[in-house]
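Consider the two complexes below, in which chain A is the common component and chain B and chain C are the respective partners.
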Partner chain A sequence: MGLDFGFMQKYLPWYIDAAILTVRVSFFGILFSLVVGVICSVIRYYKIPVLQRIVSVYIEISRNTPLLVQLFFLYFGLPKIGIVWSAEICAVVGLAFLGGSYMSESIRSGLESVEKSQIESAASLGMSKALTMKEVIFPQALASSVPGICANVIFLIKETSVVSGIALADLMYVTKDLIGLYYETDEALIMLVAFYLVILLPVSVLASLIERRLRYAGFGN
Partner chain B sequence: MNGEIQLQVSGLVKRFGEETVLNGIDFCVRKGEVVVVLGPSGCGKSTLLRCMNGLESPDAGSIFLDGEAISAGGKNIAQLRQKIGMVFQSYDLFPNKNIIDNITLAPVKVQKRSKKEAEEQAEKLLKRVGLWEKRKAYPRELSGGQKQRVAIIRALCMNPEVMLFDEVTAALDPEMVREVLDVMIELANQGMTMVIVTHEMQFARAIADRVIFLDGGSIVEDSKPDEFFTNPKTKRAKDFLQTFAYEKRRTNIN
Partner chain C sequence: MQDSGIKVLFMGKNFLRLLEGLWVTLRISLIAVIISIPLGILFGMFMTLKNPISRAVSRVYLEFIRIMPQLVLLFIAYFGVTRTFGLNLSAEVSAVIVFVLWGTAEMGDLVRGALISIPKHQYDSAAALGMNRIQTFWYVVIPQTMRRLIPLTINLTTRMIKTTSLVVLIGMTEVLKVGKQIIDANRFEYPTAALWIYGVIFLLYFLACWPISMLAKKLEKRWR
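Our next item is the complex of A and B:
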């Protein structure tokens, strides 16, 4: 099998642009999914009436529908009621919608792992619920939900490959394009895999470093 | 002791489901008084203390600090808690904060004192219990006895009027019990009003101005420590004290 290196070199800029797009969509999608996750997990943790129900419905919908379907809804469905977003915004919102529920569940299990006696001792010092959450519960919860959060980050970056479905020129899209245009299947696929690895390996290494550090720091009372 | 009444408990009832844990408790604590609450396990000692700090809400009766009612759901509960320090069996230092931050968190964030001033007080208190070198350490780096001394200081740094101690040495290795109890005795000598739940009988006798013996959710005896330990009035108290005494074993060696 002879690889056409000239071809690979020629279309390298396409891949670089696509990779930048993938990273951008991932970054904002994951950022917002963390925000959604924190809000939802705190609502569920405190069992806030009404909101709690809304959150559980959201989580079920979000986790039990494919991202591609969610994207179609945003990209093709919303314009029917007058909301028109660019493909990239749809991708970010879709990723945040999907990721929010996963992040929420990871963070919630962290929140629930914080011992009740910690909350009582904060209360006995006159600390309010909000202050206790911010200073005592949340930092400890975050530490124990890091492995889950890291797994979600990697999962969400990989999920971005479906944004090509709404004509966003990400790595997957460029690859399919090139294969369609030139039949240089091997080269295009190798480039695709290589670029995903270039993005994901550092994230994965970083994640395990953070996890290890936290394990050493081993909170524990 | 006839100082003014600081803490008053009247007709306190607490039930957990079907079980009545506290069944009409009445007593008061005067300013500067050290009251030790004794009783068999499960008699409601800890529940009593938790009610006094608003961690449990009583089913009936009331608790007053300086004439103000304490109730778990009440609006002023956070303010009242600043006046009542509580130390728990399991220390419960915040593992995500170092020692000095553990101590100054509430003074700074709740009492809105300046960080500098709170830290100065914290360091002074740490010096007093010989833990100043540990001020930057994290709780996990401390022994149980050290953690418990820090927990006491954390409560003290709020400048409370009353301190509640809930079996603070129960989780400690025997050789660490002393260092914690010494801190408490020093505190008592300085005139702090204290309510202590403990199983350390000798310590109870040494530190108490008054002993309250709780059994089956009621106060069975309320007396001076010497009186209680040498000449308990009730059979239940006698039986209880008996469990701490050992008869010398008959030996088989002549």
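Our next item is the complex of A and C:
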């Protein structure tokens, strides 16, 4: 198959814009899902009465529905009761809604891996509960939940590919547009794969580097 | 009127149509899971071979399938293959192909993980008892891997169901598309229909996946 390089060059800026959008949505989505994840995992860790129930319902709902359906509900459904968000905000909210539960599961397993003796030692030093969390439990938990978090980050970046469903001009959207406009299918698809590799490969390599580095960070083993 | 939208659901055969739409994606995921389980088991065994070429091949396959968003794979199968090879695959066939390829990769990795988790002394003990390779596999390896694999495979099924919702983006008429048709048909009479229809679709997916993941969780706990 002869590739039309002129075409690829001409539409490169479209892809770059789209890639920036994909990265921006993923960045904010992942940031907020980490925030949601930390809050939810701390609530579940301390078994705070009512909130714990709400969090576990949220986690079940978010883990058992596809992102695309969540986005359709946010973008097309909610405006009918007066909540109107732009497509990009919907995408970030949807991603945070989905990612929050995945992050929370990873962080919680990290929190639970911190030994009881650590907490007791902190208590015997007279540290308050909040200080113990901040200085003793959380740093250690983070180290052991990093592999899970990294896997979630990659998963969430991949999930952003569905935002084209709510008319955001991401990589998928541009590709579909170009295929529909000019029938340059091979070129458009090759650019699509290349751009996703450019975004995802460094993240994946970085993730495995961090994981390898953190294997030495474990306490007492 | 705020509460009129929900009436759309029960007009005519609307609810039935939504269920039929959901069945389209469920069917694809069921077919894909059923085909990818045996293929994935073979692929997982293939990955544990010590041969460097088979290792490299399986690694590249696994990494490529894993790093690409499933939607990209769907686009390649649906738009790219049609164009490059002149094969006219329907959206459903290309979806099944993509999800089988993806399921095989994921299942293969699960099988590989389960296989290498079996300590070497298990093989040595089997050899000491005079078992041959097939007997070792049948009586020693499979019973131990099964306990680990079944919950993970059930989880893979829920992931498959969730991911097959993407087929609407390659133009298949599934539950989201049917929902949109219903909303559009009632746009002027029931402007709030979108909220209810998409809310119901949300709920339907939850009802399809939740029992399955509960089952996986239960089995995982019991067999630990």
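Some notes on this structure:
The rule is simple: the second predicted complex is superposed on the first by the 218 of 221 C-alpha atoms of A that agree within 3 Å, B and C clash if a C-alpha of one lies under 4 Å from a C-alpha of the other, contacts with A are read in each partner's own complex, and residues count from 1 in each chain.
Operating definition for what follows: a contact is a pair of C-beta atoms (placed from the backbone, for glycine too) under 8 Å apart; a residue touches a chain by one contact, two chains touch by 3 or more.
Just so it is clear, the model here is predicted, and its values are computed rather than measured.
Looking at the shared chain after the overlay, A:V198 reaches neither chain B nor chain C.
Contact with chain B, but none with chain C, is seen for A:Q118 once the two complexes are overlaid on the shared chain. Applying the stated contact rule after C-alpha superposition, one finds that A:S164 touches chain C and leaves chain B untouched. Within the superposed three-chain model, A:M127 lies in touch with chain B and out of touch with chain C [touch as defined at top]. In the superposition on chain A, A:A143 makes contact with chain B only, not with chain C.
Ranked by how many residues of chain A each touches, chain B and chain C are led by C.
When the shared chain is aligned, no partner comes close enough to touch A:V84: not chain B, not chain C. Residue ranges on chain A touching chain B, taken from their complex, read 115, 117-118, 120-128, 131, 135-136, 139-140, 143, 218-221. Residues 53-55, 78-79, 81-82, 84-86, 88, 90-97, 105-106, 109-111, 139-140, 147, 151, 154-155, 158 of chain B touch chain A in their complex.
By the touch criterion stated above, chain A contacts chain C in their complex at residues 1, 60-61, 63-66, 68-70, 72-73, 76-81, 154, 158-162, 164-165, 172, 175-176, 179, 183, 185-186, 189, 192-193, 196-197, 200-201, 204. Chain contact summary for the complex, chain C toward chain A: residues 2, 5, 67-72, 75-76, 79-80, 82-84, 158, 162-163, 165-166, 168-169, 176, 179, 183, 191-199, 201-202, 205-206, 209-210, 213.
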